[in-house]
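Here it is: the structure, laid out below.
Chain nomenclature is as follows: A, B and C, assigned in order of appearance, with residue numbering initiated at 1 for each chain independently.
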Amino acid sequence: MIPAFLLRKGDLMNTRNLTVLVAATTATALLAACSGGTKASDSGGGGSKTLTLASVDQGSVEDVVKAFEKANPGVKVRYTTSGADQYQQQIRTQLSSGTAPDVMSVWPGNGNPGATYVLAKPGYLRDLSDQPWAAKLPDAVKSVAQYEGKTYNAVFGLNGIGAVYNQQAMEKAGLTPPDTWKELLAFCRDAKAKGTPAFALGIQDNWVTQLVLYSMVATTVYGDDRDFDQKMQAGQATFAKSAWTTAVDKYLTMEKTGCFQKNPLGTNYEASQQLAATGKTLGIVQGNWVIALLKGKNPKGTFTFKALPATDDPAATLIPAAAGAGYGVNAKAKNPELALKFVNFVMSPEGMNLFVKKQGSLPSLPDTGHKVDPSLTELSTFIQDDRTVPFMDQLWPNPKVQQTMLSGLQEIFSGQTTSAELLAEMDADYKAGS
Amino acid sequence: MTLAPNEHLPDRDRPPDPVPVTTARRDARTTPPWWFAAPALLLFAFVVLVPSARGVYYAFTDWDGLDPHYAFVGLGNFADMLRDADAMQAIWHTLLIAVSITVVQNGVGLLLALGVNTAIRSRNLLRVFLFAPAVVTPIVTAYLWRNLLGPDGAVNSLLGAVGLDSWEQDWLGDPDLALWAVVGVVVWQFAGYSMVIFLAGLQSVPKEVHEAAAMDGAGPVRRFWSVTRPLLAPALTINLMLSIIGGIKLFDQVYALTGGGPGHATDTLSTLIYKDAFTLGEFGYSIALAVVLTVIVAVASTGQYLLLSRNERAAS
Amino acid sequence: MNRYRPRTFALELAMIAAALFVAFPLYVLVNLAVRPSSDTSSPISPTGSPTLDNFTQAWQQGALGGALANSLLVTVCSVAIVLAVSSLAAYPLARVTARWSRGTYLLVLLGLVLPFQLASLPLYQTLRDLGLLGTPWALVLFYSGLQVPFTVFLYVGFLRALPRDFEDAALIDGCTPLQAFRRVVLPMLKPVTVTALVLNTVAVWNDFFTPLLYLSGSAQQTMPVAIAGFVGQYVTDWNLIFAALVISVLPVLLVYFLLQRSIINGFAGGLRG
């Protein structure tokens, strides 16, 4: 029954020690709990001077909160930050249970479980149309910050997707950034021949799979037809029978030409940054936000953002560029005045510049006095010249289309499916509606 | 669910028969009162039973997890599941993972236990080291392995360093390997756990029995089969039950290692439930998947318990 | 079996090889945790100039101190409650043969197969109504109920294999059932209590998804949540992450190595019954 070895003296001693230890830890923990408990209730109080905030802007919102508190003495912001995955779970649970914070991160457009349309439709977001900045948003941003003509999302930053080159590695290889599709493939071959693949690709994290494709789609699909989204919405166009097929083919041609390092499916986002930052590849196809991260890994490096060409006419190249996640106000905010104050601070030159500087993006409003970082000159020029198209998913009717695309691209890379099957599946999900 | 009603236990685990004299007086005076069970039952009902019952309701709705308006759809979600290739694949992966973990983890655990239960000098140290991974947070070991199994990670570096370059693989990026990589990580973490349980069983075999068998000329294999094996039956039952339930419900490791990818190559019911509920906004459907998960766990654990308790009885 | 022969030596070598295989990832973990992020050499080559900077940085940036205190509080309180109520409940469930007892036991065992996803949202709303969301007490309550089935299962199995003569004697001598439980039954349950203690502690300390949901929107975190936050999408310094992983694992491993003998023996002892 009780095994004999348990009855040996030494073991019993140990069991007794264990009991003592447990008792001691219990006492300590309970003490800690009591003191911790009072602290927690302190920060919970504060009445009308306390604002609650949930954010996905890890690493930048902290500074903005600090500046906001400084500008509004006596105000306390209780905020939490989390990754996109966790955040989406948290915010949906909180909204449906009535426990959501006053201000929260909201993605632009549709097609994502935390996006403007998705949250505004059931009435969870407060209408921000009457705020001073709402009318000033550029049209491209308005289309994704609004739902049925009303503005719900304080979008503060713009991001673009393209090639980010490591200048030192480029000089060492004696190569220059390509401007046409033909040059791009030649560039890839030359880079491979020199033993340094052109681009790092970290598609173990499935959101990365879309970036090269979006760059190709921007030029091949929207270059000829800027109204493609309206046609999709009207049911007059499909993925499978559009230039999307060309775009997927070009993506795969890049892979076959050796544009990417080995084993992209086993390489995650972090590892891909490591490759580009340390010059093991000449660059990386990513959003402009990656520049700050690359600099973190290689402070001496110089990194420059360039459009990724998809045709042989450099003037036809377009960049996928769009609003990043902004902030919405809870329709049932406990402290609506302070919530509006915070959102207006984010949209003020001070708040906006703080955010975009830290995130390495561009401000969504003109005339904030923001000085464009030299590495982002090309992106800024493309935006001014209206040579950008929104990220494709922001106008899709449901999150499933994007999820199908992301896992489908992984499956294409691992030979489990074909581009025709993938695009047909995306069409089916698109037609399922919202 | 019938995990351990008394009659399924082997004879020697059953309470000894009461002494006849006291039988008449026992029921009146010595039966512990039912209210002893009340605090545990209340907690259990409050935290598990009632919320689960309320949760099951969503399986019959089309709720997106957000919009206060939703409709009752009857068995619609379950019908959709049959047409959902992702769901069918996830069920298959779940079973594959659970069975492989159960077999490999217990196989390795038993071998380790047999190895440690010998005269080797390092046995106490080994026992401690081999069990250690089991106390580490699974999400932590998964993040660790995610890094180790990368193309330039430690595993490939090690293979390269010992001249096995051709064995280097894209462990988590190759859809044919990723699932087995997940199984490998779980086995790495919990083989020591199984070992300790087996070890307790082995140590309950009296040394004299072994010596007597050896004296009768029985070899080690024969001794294991006829002396050790029957006495391992209870340990085996516990081990199998823990690993089969754990394997079917496995979530943290898959979530942190591959997120279900590449593509859907490692998606299990648990990861699909998570994705459907929070990434795709199909809350009702995800709860329907959770109901299916419940049924699979219940059937598998009851089945293996009945099977093993019959063997256990036959063996003793 | 007890003599040390050449074959035993070969076995010893094989077993040590197995242990090295198990230890290898832990070596890499520590090796990378003490490495400055500028060092990009192979993960298996020993770090040239080890540093503890990652640890201080991880401790501060991850607010790991608070997370550690929360994890400790939640684990200790809920394990204590679960052991108390489950051992008490197991007494009638193991001893009474009436139909209600059988049925109740089966109902409790149902808890072993229910996946947490079913209950998570309704329970979230209940905890909201109780005002416990965002406090560690939500977790204490949750684990106190969640761990009941498994713990009762362990206790009942063990208790059924024990003779009831002692309790009977105590009861006939005029003890109340509660006294009999405290003075006679509980001491006999010691081995399985150690088992349940170890298993519950590990399960509660390591749980990741529950605290994620029930503590979200508050500054309170537990260790696994703080770690997951660290590995968030845009935090990408693996050396720092590994340092955080080491910190999170250290308390558990420390307790484990200090008390390994009683933990392993007790752990298995309870399961044997």
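As a working rule, contacts are C-beta pairs under 8 Å (C-beta built on N, C-alpha and C of every residue); 3 or more make two chains touch, one makes a residue touch a chain.
Predicted model, so just to flag it, every value in this text is computed and none were measured.
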Task = Please identify which chain has its centre, taken as the mean of its CA atoms, farthest from the centre of chain B.
result = A
Query = More C-beta contacts across A-C or across B-C?
reply = B-C
Request  = Give, as an integer number of Å, the spacing between the C-alpha centres of chain C and chain A.
outcome  = 35
Request  = Let me have the rounded angstrom distance from the C-alpha centre of chain B over to the C-alpha centre of chain C, please.
outcome  = 15
Query = chain B: which residues touch two or more other chains?
reply = 200, 204, 274, 277
Inquiry  = Show the residues in chain A shared as contacts by 2 or more other chains, in ascending order.
reply    = 3, 5, 85, 89, 93, 205
Note = Residues in chain C with touches to at least two other chains are numbered 121, 161-162, 228, 238, 268-269, 272-273
Key: Contact set on chain C toward chain A in their complex   = 37, 40, 66, 69-70, 72-73, 76-77, 80, 121, 124-125, 128, 133, 135-136, 161-162, 188, 190-191, 194, 197, 212-213, 216-220, 228-229, 232-238, 255, 259, 261-263, 265-266, 268-269, 272-273
Inquiry  = Give the list of chain A residues in touch with chain C in this complex.
reply    = 1-3, 5-6, 10-11, 14-15, 17-18, 21-22, 25-26, 28-30, 32-33, 36-37, 40, 43, 52, 54, 58-59, 78, 80-86, 89-90, 93-94, 97-101, 205, 269-270, 273-274, 278, 289, 293, 296-297
Ask   = Once bound in the complex, which stretches of chain C touch chain B?
value = 1-4, 8, 11-12, 14-16, 18-19, 22-26, 28-29, 32, 42-44, 81, 84-86, 88-89, 91-93, 95-97, 100-102, 104-115, 117-123, 126, 141-142, 144-146, 148-149, 152-153, 156-157, 160-165, 167-168, 171-172, 177, 180-181, 202, 205-206, 208-209, 223-224, 227-228, 231, 238, 241-242, 245, 248-249, 252-253, 256-257, 260, 264, 267-269, 271-273
Query = What does chain A use to touch chain B in their complex?
reply = 3, 5, 85, 88-89, 92-93, 95-96, 113, 118-119, 121-122, 124, 203-206, 262-268, 271, 398-400, 403, 407-408, 410-411, 413-414, 416-417
Ask   = Where on chain B is chain A touching in the complex?
value = 65-69, 146, 149-152, 170-175, 200, 203-204, 258-265, 274-275, 277-281
